[in-house]
Amino acid sequence: MNVLIWNEFRHEKRANSKPKEIYPDGIHTVIAGFLEKNGMEVRTVTLDDFEHGCSVENLEWADVLIWWGHMAHGEVQNEIVERIHKYILRGLGLVALHSAHFAKIFIKTLGTGCTLSWREAGEKERLWNVNPSHPISQGLGSYIELQNTEMYGEPFDIPEPDELVFISWFEGGEVFRSGACWRRGRGKIFYFRPGHETYPIYYDLNVQKVISNGVHWAKSFKSDSDASCPNIPESIETIGVDK
Amino acid sequence: MNVLIWNEFRHEKRANSKPKEIYPDGIHTVIAGFLEKNGMEVRTVTLDDFEHGCSVENLEWADVLIWWGHMAHGEVQNEIVERIHKYILRGLGLVALHSAHFAKIFIKTLGTGCTLSWREAGEKERLWNVNPSHPISQGLGSYIELQNTEMYGEPFDIPEPDELVFISWFEGGEVFRSGACWRRGRGKIFYFRPGHETYPIYYDLNVQKVISNGVHWAKSFKSDSDASCPNIPESIETIGVDK
Amino acid sequence: MNVLIWNEFRHEKRANSKPKEIYPDGIHTVIAGFLEKNGMEVRTVTLDDFEHGCSVENLEWADVLIWWGHMAHGEVQNEIVERIHKYILRGLGLVALHSAHFAKIFIKTLGTGCTLSWREAGEKERLWNVNPSHPISQGLGSYIELQNTEMYGEPFDIPEPDELVFISWFEGGEVFRSGACWRRGRGKIFYFRPGHETYPIYYDLNVQKVISNGVHWAKSFKSDSDASCPNIPESIETIGVDK
Amino acid sequence: MNVLIWNEFRHEKRANSKPKEIYPDGIHTVIAGFLEKNGMEVRTVTLDDFEHGCSVENLEWADVLIWWGHMAHGEVQNEIVERIHKYILRGLGLVALHSAHFAKIFIKTLGTGCTLSWREAGEKERLWNVNPSHPISQGLGSYIELQNTEMYGEPFDIPEPDELVFISWFEGGEVFRSGACWRRGRGKIFYFRPGHETYPIYYDLNVQKVISNGVHWAKSFKSDSDASCPNIPESIETIGVDK
């Protein structure tokens, strides 16, 4: 299992910031740590790398791409988004985390606006497991509880998920489809909500479990080449061609 | 019911061509004719119009947009595609016909590659009505038969349709999901396969019935503005804010 | 629009009970009242009627069947459930309310166990409108709030809904898919959660709006007869029959 | 992987019949043969066994149940169907073959009528792989071709599949959704069309591949007990209980 972990890595570089305090080496490093413990091969790349780290070589190598972005979605070059999209259609899995709901690649893949409502109040969140036999919810109880999170609320402008795994309850009165799955081309996409940069969410063992499960689920059967639009000129059944 | 009919209108301008012979005033004019007979308000626009005819005024006016394009998908400006996409998310319906499977707006809305296989052999096609109680299949028999069509074959790289209405059988041995529905944002999308420029498909009464039904189905509840991502700063239930 | 309203009508007959106080003439009478105001034709029937009121004549007449049951699901005769099911497959709409999640006809139509968790604590519920352009959510704000309800919690053992309209938030920490749509045969099914017999839920104007919208949505194109399994002995294309 | 193979086993017992000639030891024996070669544990049971072979012990043991029935669906006892259904909801996979579209357990699980049209003309069938990255279609080309089959035609009265894998083309002019997937409770259901008793379909290597893939796909995470409807009397968040 080869996992390419993409992090915007801007929040965590700011001196004396909460994100830097929580994730001194970046969110990607923490995610890489627990995936490696689970026996996965990982590579970490960031926005400021050449081609944002999304070289052809890395995309060929990867089974699954994890994406975390927030303040700099607009800086991701459209050419690279196009490239990643082609790899998703070939079978690269995509695990989009938290504010990646507004990542160019996520929006391009789903085709909707991906808008939602939000509040930063450090409130309690419960992610209810609404799909107890789904591969992504294995090893968890009936819900995951996080004591301090940013709230995301409905309506979440996404296509009806192929499979819905988690629905969040927030202390402040909102709900959210926090774990959702889709298929696009040969690729499988999993969106998972938790992960604001000012809370230590990615140290939570249940959150780590979900991300690890999500990576396993998102691995698909990759193709060596893009799908094409072939002309099939002849057919043994063809009768009565009129041209 | 206000319908904006968009036609690339290039094939039909070529002197002595088959398309010009069949559709001397353009495919859009034939479609406009039968929709008007059904009591709809229509406007027709083409690729070579200013902004391809997709002005804000026209998109505000329209309930549903019909799209036919083939040889010049690449000439449609990205800015206009973005604009149309925003209107679809607001509730503008989209009826994509035949080779519009490769239209930028269709691909952007679905998020997949929309590839397929094809053959021009003037062969017989039967579109089986697999969803007999769907609004789009009302007034039809168990199938529609077209004597001479271009073949489109699976795999058709689309997201699993929310509702599948027609599956085509082709004389040469292929099948195709020829009538399929999706929702994106507040907009409803209907793809309908028939309609090659060298066959008089849009004069067929059953095809006209489907397109008319499809327009009625695709009308949604439009919003006056784009969805936003509001901050919801306060909540009467908010307890224990930790900031 | 012809609506057959079925109510178990046991709770409300008990002397000095809370349900009798709230619904002295039965839940069906209150529902009938607001649907009639909206211009619908209604008939009300109850468990203790002959054939539970589900005569062939009533099922032929009805476009949509509303179902409320709770303590006596087991008393509904299997033969009548079979009959209703056949009508649903022919296109009769079904609006299942609250504890009808355990009605024989609902379980038979969905194919799952329809289990959930519950609590009677008179707590606050917010039904978030997660599908703002759906016909069932028209005329409502971003959520409906009910001050005192019975709680229903996930996991709700239902097939993935074709369309999800409402997700509930409960004061006590649970969430629930409270408005969900499916298609079975020619019939459309809408489940709507609110409506415990000890709270005056069906007097709430928003709840009435949803039920009325749900009835309109659930009306389909009925067939005069059951679907059959026809032998198609000949086909003009049949070649090479080997028998 | 523990697979329980259920066969009606009536056709193949008739002296001098075509089915007996093709499957002298029963269809179940042929299926058992190729699954065992793939390393699976199998048990075979038939209609005439005690409890039709669907003892609690066998259902506890099995990960996946394969079902083939045709002329004697009505002889399967309702109590046993209920038992199997409970096991499906707990996570037992179901692979329903060919005429099992009319098996009581299949209809009960899907909730629809499962009607279709049919013709016995020994005609050619092509099963197009419309979902090339699905686990069930791995190891196959773009289609499977069977030279002599019974035809099944649309409309097939099933709920919209969660995932559609194969669409069949028939020489005589029909199409059919021949490979389709659903989830019910914790159980996964795969329907696969080929397999008439008068053609040697289950000796075809591609058909064997699909069934083997289907068994792997249908294995889920089984639960030790039925889902229940628990009362959750207390909640740390519960505020303002009014009773």
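Lettered A, B, C and D in written order, each chain numbered from 1.
What we mean here is this: a residue touches a chain if its C-beta (ideal position, glycine included) is under 8 Å from a C-beta of that chain, and two chains touch if they have at least 3 such contacts.
Being a predicted model, the structure only gives us computed values, none of them experimental.
Under the contact definition stated at the top, the chains bordering both subunit A and subunit D are B, C.
For the pairs B-C and C-D, the larger set of C-beta contacts lies at C-D. Per-chain CA centroids place subunit B at a distance of 36 Å from subunit D. The centroid of the Cα atoms in subunit B and the matching centroid in subunit C are 34 Å apart.
Subunit C and subunit D have Cα centroids separated by 30 Å. Residue numbers of subunit D whose C-beta contacts span two or more other chains: 132, 153, 155, 160, 162-163, 171, 173-174, 183, 185, 237. Across the complex, subunit C meets subunit A through its residues 126, 128-132, 142, 153-156, 160, 162-164, 167-170, 173-175, 177. The touching residues of subunit C, counted against subunit D in their complex, run 89, 102, 108-113, 115-124, 148, 151, 153, 155, 157, 159-160, 162, 171-174, 182-185, 226-243.
On subunit C, the positions that touch subunit B within their shared complex are 91, 132-133, 135, 138, 162-163, 171, 183, 185-187, 220-221, 223, 237.
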